[in-house]
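Here chain A shows up in two complexes: once beside chain B, once beside chain C.
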Partner chain A sequence: MASFVLTVVATWGIYALLGMGIVLVYRTSRILNIAGGELAIFIGYVVAIAIESGLPFPIAVPLGMGAAMALGLAIFWFTIRRVMGEPPHVGLMLTVGIATILNGLMIILFGGGMTAVPAGLPAFTSLGSVRLPTPDIVAAIGAWLSIAAIAIMYHLTNLGLQMRAVAERVMLSAQRGLNVDRTVALSWVIGVLAAGLAGMLHGERSYVALSATVIGISALIACLIGGMDSLKGVVLAAFIVALTESVTALYIDPRYVLIAPVTILLVILIIRPWGLFGTVEEFRRV
Partner chain B sequence: MARAHSARIPSSLPTSMGRTLALRRGRAQWTCVVLAAIALLLLPRFLSTFWIHLANGCLIAIMGAVALNLLTGNARLVSLGQAAFLGIGAFAAGLLQRAYNVPFPVALAAAAIAGGLVGFVIGLLSMRLRALYVAVTTLVLHFAVTTFFSFVQAVFLDSSGIILPLPSLGFLELQTPTQWYYFLLAIATVIVLGALNLLRSFIGRRWIAAGEHDVAAEALGVPVRWAKLSVFVVTSSTTAFAGALSAYYVGTVSFESYHFGLAISYLAMIIVGGVGSVLGSILGAVFITLLPYVLDHIFLLLDLRIRANVLAGIHQITFGALIVAFLLFEPRGLAEVWRRVSSALADWPFRYRSASGSAR
Partner chain C sequence: MKMKSGLTFVSAALSAALALSAASAQEKVHKVGYIADLSGPMQDNYGPIVEGFEFYVKELNARNGIDGVPVRVAVRDDQLDATRASSIALELATSEGVNSIWGMSQTRTHLAVYQTAARNRIPATAMFSGIKEVLPPNPLPYAYSAGHVFEVAGEVSGKLAAKMLNGKGKMICNSIEAPGGVAACQFAEGAAAAGGLETGTVLFPPTVTEFGAIAQRMTSMSPTMVVAHAGSGQNVGLIKALRGAGFDGPILMGSHGLNEMPLINALQGVGSLDKLQIVSRFSSPDTTGKELDEIRAAAQKYGKKTPVSTTTIMGWSLAKVMEAALLKCGYPCPGEKLNSTLENIKVDMGSLMGGPVQFAPKDHYGISWWRVFQYDAKDKKFLPASEWLEASSTPTLRKQ
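Presenting the complex of A and B:
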């Protein structure tokens, strides 16, 4: 039971982290990032390969974080910057293209096979009478620390204030002398960093493979259930997704984990299409 | 200079509504159409079996791309569920064939109906949703449908899926690639003409209006909900029909064929070809279908020995890079390139067309 709770908490943290990356980017640039899963697993591969080639875990992780930030900046600079303000489907299809490129790169650079991000810790930790898998503990702690860091950044720092301003009214914040391009660029840097961290932690507790990019789908479902423009919503919705998936995997069949979240999403889309915590204005109905 | 101003006025401004709506204008276009038809009809005589197979693949891709372009290009509802709808058609036809051994046309009709029904449900959802949400709904549909098919296949079918017999239309046996070629050519022609016709009718104009700006369209009296629903039903049933055809052509139905990469390659077709243009769908479908083979051929010629999985990676990177590059640098796709080249040829040797149209 304790280990099941731990599984849910770790999965929840990873989905919430990845979903927060997607929501951050969506709020400032109004671009729905389909490539979340691919970005996550790409960075997961970078860290896995770094560890395989002999780097210790504490060095490989910052390396992966740096790679994620560089990747986010590059994506913004070379593509997103040029389609800001275009109709929403352009940005969406752009991220589909980016996801495809990343997929191809993963095959060529890393072989696309299954590998892991070993933290080099014992497989189990005993807490009193219960034995818990250490990778899950590491993933849960890492994910929730990252989530806390992003939430603090978003709600308590100047940068977060600027991001919220851009999210609310681009025009007004530009008129107030806010550098919109810089703010959006930083939101992409942080969004991809969040995805990368989620990818590393996923690799640390289970594995990194091309098929693992499906965590992006779960995170997207969490974003939609919670509301595309709500950080709080995505964190809570990620719990629903993680819980239903873990229960399905435990009692039915791990192959069909997506069925329950998809059903919940369809119900949400019918009765409350803007999500549990999304703003209604966000969702201009015809 | 006056030239710079007058050069922008098209000389062929149509003078009547009838001419605006006409599918083909002028003798030159008719000549092109007739020549293209003759070339397409004679094509199998000059191609080896391998290339006829590729041509058939292009024809099936054209059907799907034309449908997707109506949905995504004209009604602006981005669909990431193209592979799912192809799969729905294939599984509907395949399961019926396996269970009741129904005749080929009945299986095709059932596939179209099944696709239309699922499209109806998604359309009902999309009436309440805006562009981005529709995209994600279809993305989720893709994973739901493929998971369902993998479940069906694992529980009720063999691991290899359904084996389909060679179909026959009663008067025509579809066995050789050449017979298939003419059959698929006829159907693709019907679908292309149908799309062109829909786009110039009130139905297609409603779709375009709803896609351009739904609120403005509603204010002008366009029934936006009806338009969204109908475009989903029409295009999904066409896509499912194409999926069933391709399943019969290949001879098997298996959920592994309907991976997400297939949906992306269809999206690549319409972006590379030209969003919102029927000609673009055709150009894009041919381009994207032939691209992997052309790439492989180039690598073969260069005598690079590349492992198969690296080759798959190169294909994916090329697809993705094409999507990104066309979105950034030529958002109207190959159709626009085609238009520029052909108008440049028509005006040759002049650089511009004069206001009175004397360059013709």
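Presenting the complex of A and C:
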């Protein structure tokens, strides 16, 4: 039972982290980023290759974080900034393009093969008579520390205040002298960093490969269930997704592990199309 | 006079051009097609197989081809898409004018390629994965496989599991919820049960990447041995999760497009690696033999960046079958003639496999030989842990 709880907490953390990145970006730039899985696994590859090249895990991780922030900035600078204010489908299609390009780059730069992010820790940790999977412990701690850091940044710092201001009233923010471009750029940097951290943690507890980009689908489902503009919504919905997947796999039938959360999403979309914590205004805007 | 010499010059030039054109038209070459997933989700499985195939063809052409006729390979990428694979097969058979198709990607693309190839009267031979439609008694026309047909691989894995556990204990099979994966586990369960084992199966969708709860489910079934017929990436996720969930027993993996070193590298620190086993129709790259040495030499010669793996051996082996078929067929070798040749062929595979590749008119797969290779954590090698086990192309031990 303890292993199961840990598995749910770790999976929940990874989906929530990835989903928070998507929501942060959406709130400030009104772009639904569907390249979350690709961004996550791209950074997973960077860290895996760095470790394969001989760098220790504690150095490879900050390197991956730096790469994620640089990638986020590059995406904003070369693409997003040019479509700001355009209809939502333009930004959406842009992220489809980004996902495709990242897929190609993963093949060209990293070979696109299967690898992992080894933390160099044993497979399990014994606490008395309880045996817990160490990768899940690392993933849970890593994910929830990252989530806490993003939440603190968003709610307790000036930068977070600026992001919230841009999210709420972009015109007013600009009139009050806020640098909207810089704020949106920072949201992309943090959003891609969150995705990258999720990718590293997923690679540490499972594997890194092109096929692993599907973790982005689970995170996107969490975003839609929670509400595209709600950080607390995505965290709660990530729990629903992770718990549903894990309960289905352990107690029902693993064959339905992907169908179950999608079924919940469909029900939510029928009853409350803007998600559990999303706002009707945002839904209509999209 | 001037005009006459001008005409002579034009006439000579025309004759030379015609002669060159005729020579070019008559340039002897065997054109073959190769289809694989080179940029899709399983390109890490299929890419190295093409590489092995191309290494062999390069070496073959370097020694003057087949009776002086070089082999040209037109390689195409199907991205695991059956519709795309079918279009490519048509393009290869018509525009490109190949006399055969080799390789192919995941089983879901096979039927489409086989049917297109058959309509255009050229044979198609699969490597790595294979579908039951090549098996006796009524194989599809023009359709062959020299790799792992999942029904056969499943039955072999079940038999070997029963043998290794001396008929005592419980074998849990896992695979993806796809026709090949389901069949592999059905036959593995049937064979293991016939060998005295308790059995069970856990299937999951092909796109699953999170294995914590799945591993806990498998562990709760109290397995003595796990038999894995999933893809290599999923094997990594599953093995990590199984070890974390408390299963320390042997894990026997079907070598379906397996690259050994990336697998082991991805599992560093997981523990109990010496209980990892592979069941394969092909020799481990860590074993010795004339043909295996040739592969290693070719890999070095052509600057292969990654280590030689079973997938490299698969590609090389398939090209060896192709060479034998084209040699027997002679030149010219149109598709229909090559098909007749393949229906009556026996190719000695030396150290690459446990026995020859042999097709017959009513059996487009033939008898196969399978072996277990166990990981030696000290030497970091997969070494033989059983003799070659002969397997019929008509598996019968399916669990109902």
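Brief remarks on what is shown
Simple rule for what comes next: the second predicted complex is superposed on the first by the 278 of 286 C-alpha atoms of A that agree within 3 Å, B and C clash if a C-alpha of one lies under 4 Å from a C-alpha of the other, contacts with A are read in each partner's own complex, and residues count from 1 in each chain.
Assume a contact is a pair of C-beta atoms (placed from the backbone, for glycine too) under 8 Å apart; a residue touches a chain by one contact, two chains touch by 3 or more.
Values in this document were obtained by computation on a predicted structure and should not be read as measured data.
Once the two complexes are laid over each other on the shared chain, residue contacts for A:Leu63 go to neither chain B nor chain C. Using the contact criterion defined above for the overlaid structures, shared-chain residue A:Ala260 touches neither chain B nor chain C, since it reaches no partner.
With both structures placed on the common chain, the touch criterion links A:Leu92 to chain B but leaves chain C unconnected. In the superposition on chain A, A:Leu210 contacts chain C only, with no contact to chain B.
Shared-chain residue A:Ile34: touches chain B; no touch with chain C. Applying the stated contact rule after C-alpha superposition, one finds that A:Asp136 touches chain C and leaves chain B untouched. By the touch criterion stated above, A:Arg82 is placed in contact with chain B alone, chain C being left untouched. Looking at the shared chain after the overlay, A:Ile221 reaches chain B, while chain C stays out of its contact range.
In the superposition on chain A, A:Ala149 makes contact with neither chain B nor chain C. Taken together, the two structures place residues 104, 107, 111-112, 214, 255, 258 of chain A in contact with chain B in one case and with chain C in the other. Contact residues on chain A toward chain B in their complex (touch as defined above): 32, 34, 79, 82-83, 87-90, 92-94, 96-108, 111-112, 214, 217, 220-221, 224, 228, 255-256, 258-259, 262, 265-266, 269-270, 273, 283-286.
Put simply, chain B touches chain A in their complex at residues 72, 76, 78, 80, 125, 127-133, 135-137, 139-140, 143-144, 147, 150-151, 154, 214-215, 218, 224-225, 228, 261, 264, 267-268, 271, 309-310, 312-324, 327-328, 331. Of all the residues in chain A, the ones that touch chain C in their complex are 3-4, 7-8, 10-11, 52, 104, 107, 111-116, 118-124, 131-136, 202, 205-207, 209-212, 214-215, 218, 245-250, 254-255, 257-258. Here chain C touches chain A in the complex through residues 39-44, 47, 177, 202-205, 207-214, 216-217, 220, 231-234, 236-237, 240-241, 243-246, 259, 262-263, 265-272, 306, going by the rule given at the top.
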